[in-house]
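Below are structures written as structure tokens.
In the two complexes that follow, chain A is the common piece, with chain B as its partner first and chain C second.
Up next is the complex of A and B:
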């Protein structure tokens, strides 16, 4: 990846002393204070900070889309030398999409559910007068419209591609010393026009008198040529280069390209944009609705949208924080490559310093609305000056090569005779019926591993790998199709059958879930939420329970005054602490952490991981850690179980797996950790 | 799409059977002998009563009576009233009147309710917003008959710009005031619902994305905010059509309109079981059909429902 900043740089964006306020209950909150930075044309700049640092606010102010009561109170934003602060909404409508594109944060909520993907991308083309159909040429002639990029962006249309391929086919036939006219006469009339698209091209050519050897050669070359030209995305010059690569002379290639490529239809252009963003079968995908897309696919659609009108600057606002690591890497690579090719500058907003460093030339670190440090990415990373930057670095799991949690088994009281393994999974398999069919789908396929007492075992995998299904079976919420689970050497089937045993099991095993907002009842005070497990299991009286709640709050480092407050008054990290306290209320032995830190930003994540670490040391807890984030696994887990599409790929000690991954899949997962190769 | 509509129509069958059964059971569980009640203080001979009982299938077990009724209802033969008038005839004369009233009310609901709701939702001004919210609250709080009498007095008696009652003059001019009164409460709810929906959607992520694409304010509101905001409003209005048809009892009484509500009221007062069951059955069917239309419309507007996903 090139990290070269272009020498002859032109300042695209110049932000000076920018201040932004929000009015909250008649009180002013200074979200951004005196922020100054520049973005050169084609440069990649990252703003890093925790949530609430003002990084997104800064980005949104550039296109005048501040949420709620946010407003710029001072400073200047110059785009291509033009002052934007104080400009009318009308001016910003002109800027948005055309000069500055946006790839928003959450792909699930950023597409309108009622319109097809293609239509939503088409809107971006229409709104910015991007000339795709040439149907607005007249308006331009009349001087009513100004077109962006009219010369260099004549896109290859579907018909143009077909015609070009047919011409090339004829050239190749001529080169192979055939009489082209003679052969074409022998080709059936109905396939003469779409010869290059026919699957039976080989047969047709042979029937027309071409030797088998030549026919098969031409057929395979045509297929390759077809794949090298993307409808709606390849422009004239690309096609000329492609044709040259396939042995057509420059003059001939130029002639063919100029004759046929006169701009693509809007449908083709939309498909081309989606293909650019890395979506396969883009033409068909464009006809689908957002709910038929996965998160990663939606994010690609949003990238296509952001770049549709070829802006000069792309704001990528945490474009991957809602996605799996492997998908994250693919998406960021795609944004990076695309913007580099197009010469689009990128303003990348993220909380992960590792990601920022890997995908940007320049880093800006923000804290509480101010810039605390900025400079060339690698420079900042290797030589952080501000304590906050150092803190961010330590917190970024991707940059953390050392294990935080030491193996500690000595705390366990040896006098109590307990099984060494808390959980043993033997040949565990779970099948689900696919809706609408009679087929069975193996979510978990013949998995065997054990969870050792007092240690942290992590199950890692992408979404769909079956890791959460394993978690649900471990909690006794799902019954395995075959195989068995032993909890402290007792079969789970027996435990679930017996009222006493299952009650006992529920006391010993407690879950903490991913979403701290969804897992606390908003109508329960926090004290009541923590005390609820004790009430259910009839532990103690109300007085002793209150005492225990205070003790638990102390354990998770929250003030006991928080007891009477409600979940909505807390931050995500604080809520997760409450959820942990609740899981500990019954002196549980094993805590199942299902993506428990995935929704938190790096600093909070680090705090929670430390808390978990200390609790493990103090109480000798066993953790079963379910996550997609290998970087986190590296710093908390003793044992790792890697899963892919229901199967167990690899298992072993964390250090071994990280140093010496045996399977290709594990290697890929490790590769996907951002910033891993930077230090 | 066709599959979806077919499925929804199939779903209405058990609903129709279930509701009519319930109504039938409730009415016939009422104490007293309907045949005796028919003749008041001068009952005919036992033999004559037995003939009448047989004619109305009253001598058969309850379930058989219900099946006779269901069969009749399917062929639009609801039997006769105590006066000997065919029930289907009563329905045929009163239903169009009520339908006219209800559709006029729905028209106002959409025009005023959705229109004002959008304006209040889009505008940021506090004063206008508060004014609309306050006035809708006032309208919601006043009972329909009070509002009806006040309007009759004000516009009919004092100002003399609108007729006070309808009676036999079933036309737009005479229906105007009752329709407005009938729509009053619903309009208020529709304004509030539309307003909050528009407000929510104005702040939705995908609306911000639409703006970030470079769409102007008008396009953003018309294409992205409205379509999504109106989904729940359509559900409300559709369900309300059913409610207005059946719930016009008070309005029809105040303005002397011979609609279905009026007929139902007098049938209950007279204890005419057959008529009550028939009228209620018709209302239930209207309610079900209105809901079916809403569901189909909803599926047209929201692709997620069309494809059977939530």
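Up next is the complex of A and C:
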């Protein structure tokens, strides 16, 4: 399908010395300073950096979509040789969609909930005046780009596909030495026109006198042919090639294609775009509303939209940061394949070095608004030169294969006799009532595993796998439907019933949650927040509490002067450290980390993981680590529990699981770790 | 293609400070301080505060403003124009308009503020209970709120005030208004509690072992109350208007108490000949109400987290 052959090293985008400022409280913040890079036609370029590095700002300036007070203060942006800095909004309207497409970051908020998906993609077509009959083919004529139409680039329509399949069916019947007319007469009238689409094709053929062997062969071949042609996306020349692959002679194939393919309608084209983006049953999906789509499906719809007008450059702004890892891989693979076949250049914005390297030819590393290193992706990854790039590399969990080793040497006295397992989960099941129905939904289904003392046990799974439900039951916030949880050999039911036992349990088991912005009361000073568990359990007096808070702050490497401050003054990572300090206040034994590092930048994430690791060594802590990120699991966990839709898939030592995964699902999860095979 | 991409490395001068370091020299800014910083920059806050302070001094120390008895109404002075003795003229009954407007501040402010305090206290309590416990209690309390919303205010006020016809105290008005004043805050508080309840710091505090009582009063209530505070301030103005409406209809305070609503009602008869008699109490009423609305708005802007960053 590669039809657009980019001129050798034609520079599509040329950014020179770009500087962007934001006005914050009458001060100028230099978000981007003197950034220069180029994107060749068809090239895949990734910009990597932490939040605040200016990577998204740079990308948004290309289509004049800088938020708020942002404005370009200097430099030049040349698109196809044309200077874009200082151009009017009107020009950018022309550029957006048609020349530069955008796949935004958050699939949840970027679709209008009141319109059907198909209508929204149709809008992308209408807004850019896209011809839905023909594929867009751009050719360089006399140094100028021209859109050219040829009949061979007409799209396949829905009816055309049905008719072609019927014709092929007849050809195959004839090849199998049947009298086609005779058999067709025996086929019921109502199914003659859509014979190829019928699920009971086999039965119909047998009833019409075709032998079972032939009927089954033809049926399976027709199904394959059906899948090889996409309405609204395959063009005449593709169909001819496809038919030839299915054994139709070139002349016959050309004849059939020319007879039936007359261009598609808008609905077909919309379905075709969605199918290209990897949505199955695209025709039906187009009639649905965004709320009926999962996050991954919405992102596919946005990809379809971004590519609807066949832009020359696609900006993918962290397109998968809101999605599960396996979905992330499928989406990025799809973007990669699609842009390769269409010859579209990609500017990929991400914070994940591994991801960037895997999906780009060229890597640009940004730090505080400047480019610190750039070059061919593999070259940069294998031979990083700038200290910042090296730092990023070392911090990226996906690029590190072994468990973190604690720096601390002090060991806790283990002579005190305690149960070997902190938690034991036995045949744990949790059912929820589905609203509006009498059906029950099994969020957790018959799970058995144990959490060993002093070790880190990770529960891994995608969203909806039930891992958070297990966490909530372990915290005693939810009651299991059946099965039981033993905490230090005591049944949780008993613990929750007894005031003394539950108080004791609450002191020993502490959670740290995912969202660093939500887990601290904004009205409490940090000192008070950390002291709260002591206050609740009546430990010490205010003086000894303050002393303990200072001690805890030191443990999490924050200055003790921070006590009088409030959560809103802290960064995400700092808040997470406060949450850890709070969890440690009562000398707790187990800390449940519910996606505790998922929302953090890679360097901050590494810092927190190191901190947790050292604390574990020093204090003999047990961690129950809930996450979707296998890469992180690899470097912190001793034991892994893999969950999928409520069920336990696989459990074992981290090293074993990573070296030798037994289940298909685990293998898929492992493969989805970006950049794993690049080093 | 990859081979011809130049490997660029920037100079090493880039500042590679410690990861996620906390800068202790940063100014301390709690939510409260931030709110304060925002509100003192708001001119509306200052304008409305000054007006409310002036009105407050009229209510508490009317002697500072006038020594004329507002209830001394020699009929001979009827309908006098403005003069040095009566700077705003006199009413049809011969009372001094200036003295009456000054004296009218006291019942108006007292009723507005007291009603708001009582209504908001009840409303916050009911809303918090309904939102926090949910379930049957929420259903019952929510229906109760709905019922009170459905009662037409004036009609019910007429009925209730009939019971206290003989009384002359401002408390009967406060009581009547309070019957309705809790409904709005209760509803607002309930929804605020529901959204705060979802937040992770509440789950965190539950798993730290905090009791319901602690969660409700130490975490949820303080975080949920800011919209109620700003609406309550605006409500003070609304209740002052409500009191005037009742007095205008002859239902509110008795004739022995000076009230802007009553004066507006009395001024209707001489509207054509001496419109200024109507103007002054109306103007004071409007300015008072507006001041509270502006103040409430300023508070809302300062407390609303969405208004920031």
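Just so we're on the same page, the second predicted complex is superposed on the first by the 589 of 679 C-alpha atoms of A that agree within 3 Å, B and C clash if a C-alpha of one lies under 4 Å from a C-alpha of the other, contacts with A are read in each partner's own complex, and residues count from 1 in each chain.
The rule we apply is simple: contacts are C-beta pairs under 8 Å (C-beta built on N, C-alpha and C of every residue); 3 or more make two chains touch, one makes a residue touch a chain.
Keep in mind that this is a model prediction, so the values were computed, not measured.
Asker: Once the shared chain is lined up, is A:111 touching chain B (first), chain C (second), both, or neither of them?
Answerer: A:111: touches chain B, not chain C.
Asker: Could you look at A:612 and tell me whether it touches chain B, chain C, both or neither (first, second, both, neither)?
Answerer: A:612: touches no partner chain.
Asker: Does chain C touch more residues of chain A than chain B does, or is it the other way round?
Answerer: C
Asker: Name the contact category of A:521: first (chain B only), second (chain C only), both, or neither.
Answerer: Second partner only, chain C.
Asker: Have a look at where A:368 lands relative to chain B and chain C in the superposition and call it first, second, both or neither.
Answerer: second
Asker: Which partner does A:530 reach: the first (chain B), the second (chain C), both, or neither?
Answerer: neither
Asker: Considering only the contact definition stated at the top, list the common interface residues of chain A for chain B and chain C.
Answerer: None.
Asker: Residues of chain A touching chain C in their complex?
Answerer: 9, 40, 43, 361-362, 367-368, 370-380, 383, 385-388, 391, 475-477, 502-503, 506-507, 509-511, 513-515, 518-523, 525, 532-533, 536-537, 558-559, 561-562, 564-566, 568-571, 573-574, 579, 582, 603-604, 606-607
Asker: What residues of chain A sit close enough to touch chain B in their complex?
Answerer: Touch list, chain A to chain B: 63, 65, 67-68, 89-90, 93-98, 101-102, 104, 106, 109-114, 116, 123-124, 127-128, 289, 291-292, 302, 305-306, 308-309.
Asker: Looking at the complex, which residues from chain C come into contact with chain A?
Answerer: That would be residues 1-10, 12, 14-16, 19-20, 22, 24, 26, 28-32, 34, 199-201, 203-211, 214, 219, 222-223, 305 of chain C.
Asker: Name, in rising order, each residue of chain B that touches chain A in their complex.
Answerer: Residue list for chain B touching chain A: 203-206, 208-217, 219, 223-224, 227-228, 301-304, 307, 309.
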